[in-house]
Structures are given as structure tokens and as C-alpha cells.
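Labels run A, B, C and D following the written order; every chain starts at residue 1.
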Amino acid sequence: MTTHYLVLSGLLFAIGAMGVLIRRNAIVVFMCVELMLNACNLAFVTFSRQVGNLEGQIIAFFVMVVAAAEVVVGLAIIVTIFRTRRSASVDDANLLKY
Amino acid sequence: MSPWLPILMAVPVVGAIVVALLPKGSDKLAKQVTLLVSLLVLVLTGVVAAGFKPNGDRFQFVAEYNWIPSFGVKFGVGVDGVALVLIALSAVLVPIVVLASWHDADGVKSADGTVIAPKRSVKTYFSLLLVLETMMIGVFAATDIFLFYVFFEAMLIPMYFMIGSYGGAQRSYAAVKFLLYSLFGGLLMLVAVIGLYFVAGKNTFMFPQLIGVIQDPAMQKWLFAGFFIAFAIKAPLWPVHTWLPDAAAQAPAGAAVLLVGVLDKVGTFGMLRFCLELFPEAAKAFTMPIVVLAVISIIYGAIVAIGQNDMKRLIAYTSISHFGFIVLGVFAMSDVAQSGAALYMVNHGFATGALFLAAGFLIARRGSPYIEDYGGVQKVAPMLAGFFLVAGLAGLSLPGLSSFVSEFMVMIGTYSTEAHGSGALTAAAVVSAVAVILAAVYILWMVQRVLNGPTAEPVKAFKDLNAREIWVLAPLVALIIGFGFFPKPLLDVINPSVQETLTNVKVPVSTIAEKGTGQ
Amino acid sequence: MESEIAQITQHTGGVIGNAWLMIAFPLLGAFILLVFNRLTDRWGHLLGVAMSLASFVVAVLAFFELIGLGEAERRRAVHLYEFIPNLDINMGLLIDPLSISFALLITGVGSLIHIYSIGYMAHDEHRRRFFAYLNLFVAAMLLLVLADNYVGLFIGWEGVGLASYLLIGFWQFKPSAAVAAKKAFVVNRVGDLGLLVGMFVIFTTYQTLSFAELKPIEVENGTTLAIGLLLLLGACGKSAQLPLQSWLLDAMEGPTPVSALIHAATMVTAGVYLVVRSGAYFFPEGSGAALAVAIVGAATLLAGAIIGCAKDDIKKGLAGSTMSQIGYMMLGAGLGPAGYAFAIGHLITHGFFKADLFLGAGSVMHGMNDEVNMRKYGGLRKYMPLTFWTFFIGYLAIIGFPLLSGYFTKDGIIETAIEHNQVLGWLAVLGAGITGFYMSRMVFMTFFGQKRWAEDAHPHESPTVMTVPLIVLSIGAIFLGGYLVLSNRLLLFLAPAVGRPEELPTFHFVSVPGITTLALVAVGAGYAWVRYAQAEVPVVQPRGSFVTTFARRDLYGDALNESLLMRPGQWLTRIAVFFDNRGVDGLVNGLAAGIGGSSGRLRRIQTGFARTYALSIFIGAALLTGALLLVGTI
Amino acid sequence: MNSIPAPTIEYGTLAPLLVVFAAAVIGVLVEAFAPRYLRKAIHVPLTLLSLLGAFALVLVQVLRGRVSTTASAMGAVAVDGPALFIWGVILVLSFVCVLLINDEGHFVASAAAVPGSADEEEAESMSGGVGHTEVYPLVLFAVGGMLLFPASHDLLTMFVALEVMSLPLYLLCGLARRRRLLSQEASMKYFLLGAFSSAFFLYGTAMVYGYAGTVSLPGINQALAVGASLDPLLMIGLALLGVGLLFKIGAAPFQAWKPDVYQGAPTPITALMASGTLVAAVGAVLRVFWVGLGNLDWNWRPVIWVVAALTMVVGSVLAITQTEIKRMLAYSSIAHAGFLLVGVMATFATPEQNAVSLKAVLFYLAVYGFTTVGAFAIVTLVRDPGGEAGHLSRWAGLGKRAPVLAGVFAFFLLAFAGIPLTSGFFGKYAVFAAALNSGTQPGDSMGGWMAGLVVVGVVASAVAAFFYVRVIVLMFFSEPAADGPAIAVPTAGTVAVIALALLVTVGVGLYPESVLGVADDAASSLFIR
């Protein structure tokens, strides 16, 4: 019964990961990471139901808080770099290499 | 517990700190302090040597302190005969090298004014030298294998700086090559050291307690390989020898003396003590391949030496040839050959030391290590030429000079050994004897081109040796001639410890040593 | 065969007990002269002579002490100190008839040559050094012959090699001298290899290298044959026998007293000493090893004689002659106890007359601005009469003029040889004939005929300090041979040391070989008279026939060495150096470069794009997952 | 109604953690309310004292022998022997790093201002040359996270700790005063990749939770012991957890961020990351693999074998051709992560065995951390007009201009290379010995492979020695450039940092027992399982 949710969670995770890999805009990349976190949340909740304890659900709450904190930090960084470079493309930030 | 060896090791390092902390501009004082300290070490070594009982316990002046109990490591020192003579060799060479290097860091100008070496830090050079002395004494005195390893590797650093900071044009290449080559071997040895500790399961690195502990033949072979490769690089044995000519050619003459004269001996010393005694079965199993490598080193080193154009490189290659003899002697598994090899370690130190230093004095005058830039030195600087010649003759093992006795013992011991019952060692001895001819060619051809012939124009300005330089070479030549005719004092010290080694390798000691004269 | 040699017994006290002084005096001399350097410039030569004479005095005293002992007790070993305990080798001296004979020759002739050198080297600024080397030589040579074991012998052996090297190269600023010195040493080392390996075999077989502990053998076996041949190789090197003869002619670059002392009278005979000393142990009469010695001797005596015929350089001519005469000695040394006595006898007389000849040649050169080319001599007998007469006596002695020294000893060898081996014997006779020719040629070209001098030549007699030794030597050249050979004095004296032949030889003044020899010598001398005294000798060397060229070029010995050893050796060296730099070291450097190169390429993976990094994380995660699943299934 | 029991919190045990977090919160308040000119004056003592105080509290626990043997805070945090050791190390290292941070001029006055704009000038002038003072509370938060990370007793706490540690660091990376573009780029890369990897960690946690029904580490281990069936769910979970952890220690193939971030970040922050973060991350790895996955060592050890070998090789080989000093040190840090993984490999099986390996890794972490901080401290002193002289060519001949400084740096490099008589040698020795020891134990599934790994490690060390030595060659054997970098006069803080690092590197090099003994005590009590 829970398998569908797990598959969905897996799909979401994969979509998120693919998004990180293929999208250039830093904001979008970041959103994809958030998507991955949410996929995790879905999995936690599903497993919580499957194994029959509440831990998973509690974890989901924690993850949301952490994700929120991450957004704050992430956006700050992205905005700063956008102000400097007038570009939010992750590919443009390419001075550090080799 | 005897405090002598720790004192012996502490004196130079304290001296090094004192020298390093001297105020700026006290270069001369730094040199004098270094000389005094090294002479003090020599005196102390003399005291130790005088107290050594050749037929007493194998290890004497033993001292053991806990160092790293967590690893089972002790600060364990003690000397047997072979270690003692090698410590004595170091103690003799250091003051000589100090004197020889008196102006090496002052900035050297050749007779025609070209800058050979710019002015560099004098204090650093001499404190490195003293640090090196501590480590040289330590590496031979260590009875704890871990402690041995620590000195084995740590020794590289002062030498690395001496080559890299005070050497010739290609110095950094040579220094890095020297360091990496040795380090690589050392790290393989480290694996074997750790392996030895755990396989033995004795919770100790103390050498005397590890003799005969490893029984499994396969394990012996692995561990033997770890130790041997490190020692073969250090020695250096063909085909892992190429760092030596570069290092020796680029190092200042004094450092080259210690490099070839003492540091490389750690390799052969390690083979004799550790490879054989800890892994006797493996040593026997690998004897033939190693003997082959040794013979190749002997002949190959000599042939390549003939073709060298740089005096210091040439001397380095002759050393490769000589180290071949030492390795051959070690693995011939006969008491005569092994005693000869141990004796060779000392004699080679004096002979090659003298040759390097004499060549160094030539180079300091001419500013070029290349043989073709010389000619007719004999005419303008007969004393220098004379010392150079005597040192060269010691290098070709002229009978009556110290190297001969050891080379003769190695060859005759190898030829006559019955340890293997095969003709292979006999053949090895005969083939290596060909080096006798090659040695004459490489030394005398160099002598001919450097000392003889019409005096080359730049050579005409040469001054003969000054008092300092005579004091550098004269003691070495005296030792070379002295031990050439009276090797007995050294052999008396060496023999019991070699026999101990062979007993541990379970090779019967031939009875020649006990046979009386009146039969 | 009852040719037992006497047992060696320990000796203490007396002159023999202190025989080490013989070696110590000249060694001290050399030490003082070398260490105190220029301080001794003014009186150094005198010290050198004094030390040599002191050594001679000790030798004479030891000799008389020795003959005071019973015949069977004349082999005295003197223990000095323990040398190499592992091999049970002690430094010790063996004073026996053989060694004392050599010691007397070395110190006697040596002292004369020392004295002569005072004059000869008077104008050389390095005379002190010259005397130091001479003293060093005497010490080493005495160690060679007095040592009671092979190691001591070998030390002396190399010591004389060193002295020879130093003295050949005494005028080292001449490139030719420097090259000759090196060549002598290197060629000698080839021989030394034989001696060295010979010692290995001896030690391995008998566990000793001491003469006292070796036992004489009756029949040879494979081992002793091998030892014999190896020792012969050593002897060939030192004594300039075929095939290691090439250095001797070049060695004439050294000052003439050196050629006289080292390359004529003493050092080059060390090979003969070695064979005779080892004779009882490894060269039993009639053995293959002994035959090899005899063959080498016979071949060399002819080769040397042929070379001597073609040389215009007076010293090189004498050098060829030396080769040839040592060939006689070797031939004798290959013939057992009877031959030993004649060989040693010839060695001693040769020491006198050849030193005489060389010093005479030196005296001529001294008067002729160091000119050595005989084509630029001629008619000198009137200008340097003393030199001429002493040289002439030496000449007569060497060609075997009846009743002079060479006559007795050389004929002894020839007759013994014919008894043993007809072929070798008659070759020796032939050699004697050739000797008659080339020695006569030398005398006639130098002292007879027209003057062919260089314009600035003012020949004059040498100073007394040079002529007195000549006179003493020529007296020896006259009488010594007869004294030693007649009534077998030397043979009986040597017998305890080298053995006694089954029947004592008697010297025949008239015999077929003797007469033939004399006839051939006369023919040779006559032909020389016609060619070089009667006819005009061209100042410029004529082209000469194929045979002459062959002889002039030392029978192509150098050419052979060069094409067979030197050139291949040079190539081998070059290849080895190349291989070392590019092969062995190249591998190491290549490895380092390979790591560096891969580092340079790999760092490009670090593109700087965050998305690439994310991809690497993603792939890493996939790999990790895959790996864990895979490991799980195993 | 009281169905939810009040949680028990062992305040005494957790005190160090609480002190740091409390100080961080106070720091935020200071930022909010204190006037600008007072802020630094308040922050510096606050930060240093809180770290010192936390360290003192750690010491108190250790010295009074009150190392707890059970998990604290309802099983969320385990303050056991190894954790306390790690805490002590992290606290001292971060204290030292704060001294570096305290040194003027590393941080931008207004991160939000565009480089070169009028805003920036204004911010500069207003702050009077003092950078963002928010740095201090951020560092304290990061340190708090570092403390919690290796002490987490369940995966949720660990995740939270990971984020608490990482988020401030992302920001700190972007605050460099000079070369701001690089700094910002580093910050962004670190952030995106860090978030990406922590998503993996989280998903892995979910999978493990799905398999074991719990995120508590001992709970997971118990589930593994009972089931031990090789469920793909578990394997995927394990792999994804590994991604998150290995990313933090910078193991290959998750090392890509390290060089970029280390290079771009302000040097004091790089020092903090290279020392404190690495210590925390390795501590967490040890805990997860021993406490949580101890029963699965048959599965994870071969994989870690490959990762360790790859990490050592990649770190060593790539460092050879680096031309930027901080970048080179980053690769060196990757290689060292590989060596540490060799030690991690050896932690398994019996508790005695584990204690030996644990001791080795703890010891390595401690000595490596100090050497690293010392090395970065020196990097901050070698300056060009435009900032630190990062390019290696600028270091040529430094031995002549500043022999003492160059000498100390050379000594640190030799310690990195593992030359005897430096602390680095004993660290390397300890992990190699632990690995071989485990290889010779009868029950080890890896057996001879451990020896193989050690040989790989040894070869990598030899390769690595090359680039350390290359810097020494540059400094001592090359002639100085005419317009070489200036050596900044170090402040008392920097001097103290370098001196302490040197003291530890030399002292431990001569007498390793001093630290080994402590590590031994810490390790012998093992992680609470």
C-alpha cells in the first residue's frame, strides 16, 4: 500500500537531483534541492506509517525547519552573488577551478 | 643501563641548538663551537670504544627508556661491534667535514672570480651538520627497530637541506630526488616494521627480542622484501642507485662525504643486522638474486664510473661499485665475507671521504667539477695532488691501504663460502674481481687527466693546500694507511658481532678464526 | 722425487729476527721525504741513499746469519703481527736462501742505483720526491720477496706496482709519461686479477695462504693446475711476459735509473720469483702448469728479442731485451729445481748487467741532452770511455760471451731446457742468436761508426757519482755468473728453499747447444757489425720491411689491445653511461613525469562548474549504491 | 493528559554544548542591540571565553571521571569518551581559529555590498576597517554544530547537527574581504553542493528508517543484527548516508568542492573547516559505522577500502600540479582524509580491536588539526598588495626573507608528509599500524587487503611528499623574486596560534605518548553502543 508513496518519493528525489544537475539558475537549483528534501519528508512519513511509529513524522517536522533555515542562508548567498555578478547562473561562477 | 650512548646522542643536538641560537654575525664562533662539539663527540666515542669488550655481551652500553608505550616503542640503544665501528666512523668524519666545510657556506669564489656558491647561512649549515651527527649515531645505536626507523627517515631531512641549500647548480633536483627515493623505500620499510610488530606479537620493537620470532617463511619473505628494498635504495644497489650520483655531485663536498660515507652505510648495516637476523630463511632464499644484483652493481658501477666526466659523479659511481662489494659480502653468508663487508663499511667511509674532500678542494679552486677543466695539478699543487692520489688509490683498493683488506676479505669469503654449496658464489667472486682492473682504469684515468699532463691555464693559479685543508686530509690518509696494515683492532670488534649474526642466521661459522697459527 | 724443500721454522732474535728493519729503513725514508716535503729538499737524496744502504747492510748481515745455520734450517719465518685474524693471516717474513738472494740483489743494486741517481737527477727540482719513490719501491719490493704468505707478497706486489706507476709517471707533465704510467698499472692489474683469484683458490683449497702451511705436491691435479695458471697470469703482468707485455716498452718514459732498477733489475723479475716461490706447491716438475710457464717464457724471449732488433730508442731496445731475458728466466722457472737455480742465477746476473746497461744508457743520455734515439748517436766511445767500457762489459755479459756472467746463467737455462724439451730449448738458442744481433746493433750504433749527433750535442763523461756504480755493476757482470754457477753454488744454496734436482747439473764448457749458441751469437754480432758499424746508419729511420715494421710496432701488441679491449671497452662504457642516464634513471624520471602528467590531466576534471561537481556526487552515490548492492550479493 | 513525559536532559553532561550555543545566541543578541563600535569588543571575549569555558567543562568531565556511559538527552546525544576527546580537540582548534579570525582584515565589512561599489566604501568607512562582526556568532554556531555532529546518537540529531554546522560555514565562506568574487563563488558552490549532499544523507536516513524502524544508531544496529538480510532498501540507505558523510570529510569521489571552497574562503575559515569540520565529520563517520553499522562491516568495508584508496591517490596525485598554496593544502587535506579512512577501515569487530583503531584515528585527528591550523595561519601572513600571496611562485625564496617563518612552515609541511620526529609521522603510523593490526586479526574479512591498503597509503604518501617538498624547494632553494610578497607583522594572536601549532607538532613528534595516552583513555571507553 505504501509502495506507491515510496515510488512517488523516489521520483521526486530523482527529479530534484536531475534538476540540480541540469538547471543553470541558482534559484532553480536550490529549489530542486528543496524538492529532494521534500521527497525525503514523504518517505519519512510513509515509512512512519509502514513501521508503525511516529518518529518519521516527527523527523518530517524537523526537516521542514532545517529546510527553512537553509532557504534563508541559501537565498542570502545567491542574492549576494547576483548583486555582484548580475547573474544567477551557477555556471557563471567559474573562477575557481583545476 | 648506561648513560653513554644517550649522552653521545645528546651532545651534538645540544650543540646544534647552541649554534642555531648564536646571535647574528657570529659565523666564526658558530664554526668553532661546531668543531669543538664534534671533537667532544669524538672524544666521548673514544671513551665508549675503549670501554667496549669485544668478547662481552653482544650489545653493550645498553640503555632502555619507555618512549611510546602505546605503540610498544622504547628508546632502546646499545652497540655491538659493527654498530660501534660505524658510530666511530661518523664521529671521526664529522669534525673532518666541519673543517672541510669551513668556508662552504661563506660563498665560494673560484680563482678566476666566478661565484661558485653564494653566501648562505653558516649557522644553519653547521647546526644541520650537528643534528645529522646525532641522527647518525642514533641510527646505529638504536636497538629498537622503531627507533631505528625514526632515525633512518629523519636523517634525510638535514641532509636534504644541506644538499638543497648549499649544493651545486642542480641542487634542488638532486635534493628532491634523494629525499623522495629514500622516503619511498623508507615507507615500504615502515609497512614491514609494523607488520613485523604484529606478526611477531611480542608487543615490542626491541631487536634482540625479535630475533627468530618470525617463523612463517612466506611472511618472512614479505617482511624481508620491505626492509630490503629500503636498504637497497639507501645502499644504493643497482638498479635503484640513480639518486646517488645526482645527490653526491650536487651536495657540498662535506655533505657528500657524510652522505656516501655514513648515511648509505645504514643500508648495508640494516641488511646485515635486520634482513639477515630477523628473516634468515628469506635471506637465504633471496641470496642468489641479491648476489646477482650486487655483482651487477660492482661491475656496472665501475664501468659507468669510467665514463663520467664529473669528478663527484665519478666518485659516486665508484661507491656504487664498492657498495656492491659490501652487499655481496653481507649475503655471502660466511664470516670472512661478512666481517669483510662490515670492515668495508668503515674503510670505504675513510677512502671515499678523502677522495670527495680532495676533489672538493680541487673544485673549490677551479669552480668546476668537470675533469676536462683540469690538468697538471701535480705541478702547481703537489700536496693536494698527493692526497688526491692516495685517496684515489684507496678507492681502487690498493693493497696496503685499508680498502684492500676488506675487499679481499669479501671476495675470498665469497669465493670460499660453503653456505650454498653451489658454484654461483664462487663465480660471483671471480666476476667481481674484474672490478680490480676497472677500478684502476677509473681512478687512474681521472688522476691522469686531473693531476698529470701539462698544467692547464686556469690551474696555474692554484694554491697548494693550506693548514686547515691538510688537517682535513691528513687524518683520513693516516687512517687509510694505518688500517691498511693493522686492520686487527677493527676486526676484533667486528668479528664477534658478525659471528652472532651468522649464528642467528644458522650458518655454521667456519673454524678458520679459531685455528691456531702453529699448525 | 725427493726434492723436498726444507721445513719453515719460526725464528726470533738476531738479525733475521729483526729483518723487518730491511723494509723499515727505506719505508721510513720514503715517509720522511714525503711528509716533510720540501724541508728535506737539500739532503733528501742523501737520506734516501742512506736508508737503502742501511737496508743492504741488514740484508748482508741476515745473509751471513742465515748461512751460519744448518742447511735444513735455512728457512726462517719471523712473525711480526696478526694481520687478518679471520683468515689466519699474519704479517710475517720468510728469510730463506731464495728471499735473501733477492733481498741482496734489491738492496745491493738498489743502493747503487740510488747513488747513481744522485748524479743523474741532480738537475731535477723534484729529486727529493724521486728518492722518496725509490725508497718506497725498495721497501715494497723487499716486502714482496720477504713476506711469508701470499697476502704479504701481494701487498708488496702492488706496492712495487705503485712505485713503478709513480716513477714511470715521474715526469707526469709529459702526457706520454702519464699515459704510460697508467697503462703499466692497468695492465699489471690484469695480472693481479690472476694472482688474486689464484689466492682465492689456494685459500679455499688449503685454508691457508701462508707458505709455511702449504705442502709441496708431487703430482698436479686440476686445482693446482688452475692455481698455477692463475699465478702465471699474475707473473705475466708483473714480468711483462706475453700476453701482458705491452706496458714495459712504454714504461721507459720514466727516468733511466727507474728503468734500470724497476724495469730491468728487480720488479719485473717478481713474476719469476712468484713462480719459483710457488714452484714446489703448484708447479711440480713436468706438470702442465710448469710447461705453461716455460712456453710463455720461450715465446716472450723470442718476442722481446725481435722487438729489440727494431728499436732505435736505446731504452726501448733495452726494454725489449729485458722482456727477452725475463723470458729466459721464466723458461728456466718452468723447468723444476735445476731450472730454478739457473733462472734465479740469470735473474741475479741480469740484475747486474742489465742495470749496468741501463745506467750506461742513462749516462749516454746524460751526455747527449737526453737524446734516446740511437740513430743520433755514433762514435761515442771516445767521448765517454768509462761509460763505453762498462756498457761494453754489460753487452758481453748479456750476449753470453764466454766466461762472463750471462754466459753461465743463460747457457745453464738453455741446456736444462734442451734436456726437458727440445723445442723450447732450441728456441732459446735461437733467441740467444738474436740477442747477439740486437745488442751488438745497440753497441755499434751508439759507440761506433760516425757521429750522427744533433748540432747542440756536447757528449761528455758522466760524474763520478754515476760512473762508480757502473763500475761496480760491471764487475758483477763479469764475475758473478761464474761464481754462482760453477760448482752449483747457487743451486745448492737455494736447494732448501726450492728443492734440489735429482742429479746435480754440471756445467759443460763445451757442448752442442753451447757451441751452437756461441756460433749464432757470433753470426748475429757479425751481421750487426756489417750493418751498423761498417755501413752508414741513416739518421732518419728507413721504412723497413714488413718484418721490421712488425717488430717496431711491438708485434702489434698495442694494436691488438686497442682493437680487442680498448675500443670495445670505450663503447661499452659509453653504452653503459647512456643506459644509466636514459634507461635506469630515465625509468625513474619517466615514472615521476608520468605521475606529474597524469596529475596535470586529472586536474582538468575539476572544471569549476558546480554542476559538474554535483554530477560527480551523483555518480559517486550511484557507484556507492551499486557497489554495496554488489557486495551484498557476494 | 500527561501522556507525553517530560524529557530528561543531563545538563551537566551536555554543558559544553550548551555553553557554546548559549554564547552564540547571546552573540546574535549583541549583533542586534549593541552599538557597532562596541560589538567587536564584546564578541571577542564572549566567543573566546565560551570556547574556553566549554573546554573547561569537557576537562571537568574527563578529570572527574564522569564520562557518561549512556546516551544523554533521551538518547539523542552520546557524550562518551571519544566524543569528549573530539570535543576537546574541536574546542581548542576553534579557539585557535577564532584567534586567527580576530586578526584584522580577513572579513568584508558588508557582504551585501557589491565589490568596488560606493556601498562598500561606505561600509568600510563606517565599520572603521572592522569586518562583519556577525562572524563571531556564526563561528560559534558552526562550532556548536561540530560538537553535536560526532556526538549525535541518532540520525535525526546528526542531520540537524550537520546543518547547524554547515549553514554558518556557507555564509562564512562568502565573507572574505579580498578577492570577493572568489569568496562568493566558494560560498555558493559550498552551499549548493552541501545542500545537495545533505539531501542524500536525509534520503538515506529515510531508507534506513524504513528498514530498521528507528533512526537511533544502536536501534539500527540491533535491527541489522536480527535481520541481517540484505535488503536493497538498506543498501541504498547505507550508500546515501555514506554520500552525506563522505562529502563532509571530502573523500573521493565527493572531494570536488574542497579545493574550490578552501581556496575561496577567508583563510581563517578555511583553517576552521580543514581542522574542526574534518574532525567532526570523521568523528561522525566513526560513530555511524561503529555504532550504527557495526554489524554490517562485511558489506561496507570493501567499499570504504576502495574509497579510501581512491581518496589517498586522488588527493596526492592532484596536489602535485597545484600552483595555489591553499588549493594545494586542500588536496593535501583530501589525501589526509584518505589516510583517516584507512583508520576508519580498521574499526570493527571486537571492542579491543576497535579501541586500537579508534585511538589511532583520534590521535591522527588531533595532531593533524593543529598542524593544519598552523599552516593556514602562516598562509595568512604572506601577503601581496592585493591580499594573501596565494600563488606558489610568490613563495620562492621565502626562506631568505623570513627564515623563521619559512622554517616553521617547512616543519609543518614535513609533518604533513609524515616525516619522523614530527607529529604527522606518528599519526600516519598509528592508522597504518591499526590497519595492519586489524589485518592480522583472525576474524578480519579483509585480511591481506588491509596490508594492500597500507601499501597504497604508503605509495600515496611518497607521492604526496613530493608536493610538500616542492614548496620547501621553492622557499629555501630558490632565489627570492625582486618584488616578493611582504611578510605581515603577525599579531599576538597569530603568533600564539603558530606557536601552539608548532608546540604540538614538535612536542607530539618527540613524545607522542602525551597525546596518545589521552586518546587511549578516550578510545578505551569506546562509543556508547
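Keep in mind that, in the parts below, a contact is a pair of C-beta atoms (placed from the backbone, for glycine too) under 8 Å apart; a residue touches a chain by one contact, two chains touch by 3 or more.
Chain identities (UniProt): A = NADH-quinone oxidoreductase subunit K; B = NADH-quinone oxidoreductase subunit M; D = NADH-quinone oxidoreductase subunit N.
It should be emphasised that the depicted structure is a prediction, and the values quoted were computed from it without experimental measurement.
Comparing the centres of all chains, each the average of its CA atoms, the largest separation from chain A belongs to C.
Per-chain Cα centroids separate chain A from chain D by 25 Å.
Rounded to a whole number, the gap between the C-alpha centres of chain B and chain C is 36 angstrom.
Mean C-alpha position of chain A lies 65 Å from that of chain B.
Centre-to-centre separation between chain B and chain D, using Cα means, comes to 44 Å. Residues of chain A in contact with two or more other chains: 17, 20, 29, 90, 93-97. Residue positions of chain B with contacts to 2 or more other chains are 180. Residues of chain C in contact with at least two other chains: 592, 603, 606, 608, 610, 614.
The chain pairs satisfying the stated touch condition come to A-C, A-D, B-C, B-D, C-D. By the touch criterion given at the top, residues 603-604, 606-611, 614-615, 618 of chain C touch chain A in their complex. Residue ranges of chain A in contact with chain D, taken from their complex: 6, 9, 13, 16-17, 20, 26, 29-30, 33, 36-37, 39-40, 43-44, 46-48, 50-53, 55-56, 58-59, 62-63, 66, 69-70, 73-74, 76-81, 83-85, 90, 93-97. Taken in their complex, chain D has these residues touching chain C: 188-189, 192-193, 196-197, 200, 230, 232, 235-236, 238-240, 242-243, 246-247, 253-254, 256-257, 259-260, 298-300, 302-303, 306-307, 314, 317-322, 463, 466. Here chain D touches chain B in the complex through residues 359, 399, 403, 414, 417, 419-421, 425-426, 429-430, 432-433, 436-437, 440, 451, 454-455, 458-459, 461-462, 465-466, 469-470, 472-473, 476-478, 511-513, 516-517, 520, going by the rule given at the top.
Looking at the complex, you find that chain C touches chain D at residues 592, 595-596, 598-600, 602-603, 606, 608, 610, 612-614, 616-617, 619-621, 623-625, 627-629, 631-633.
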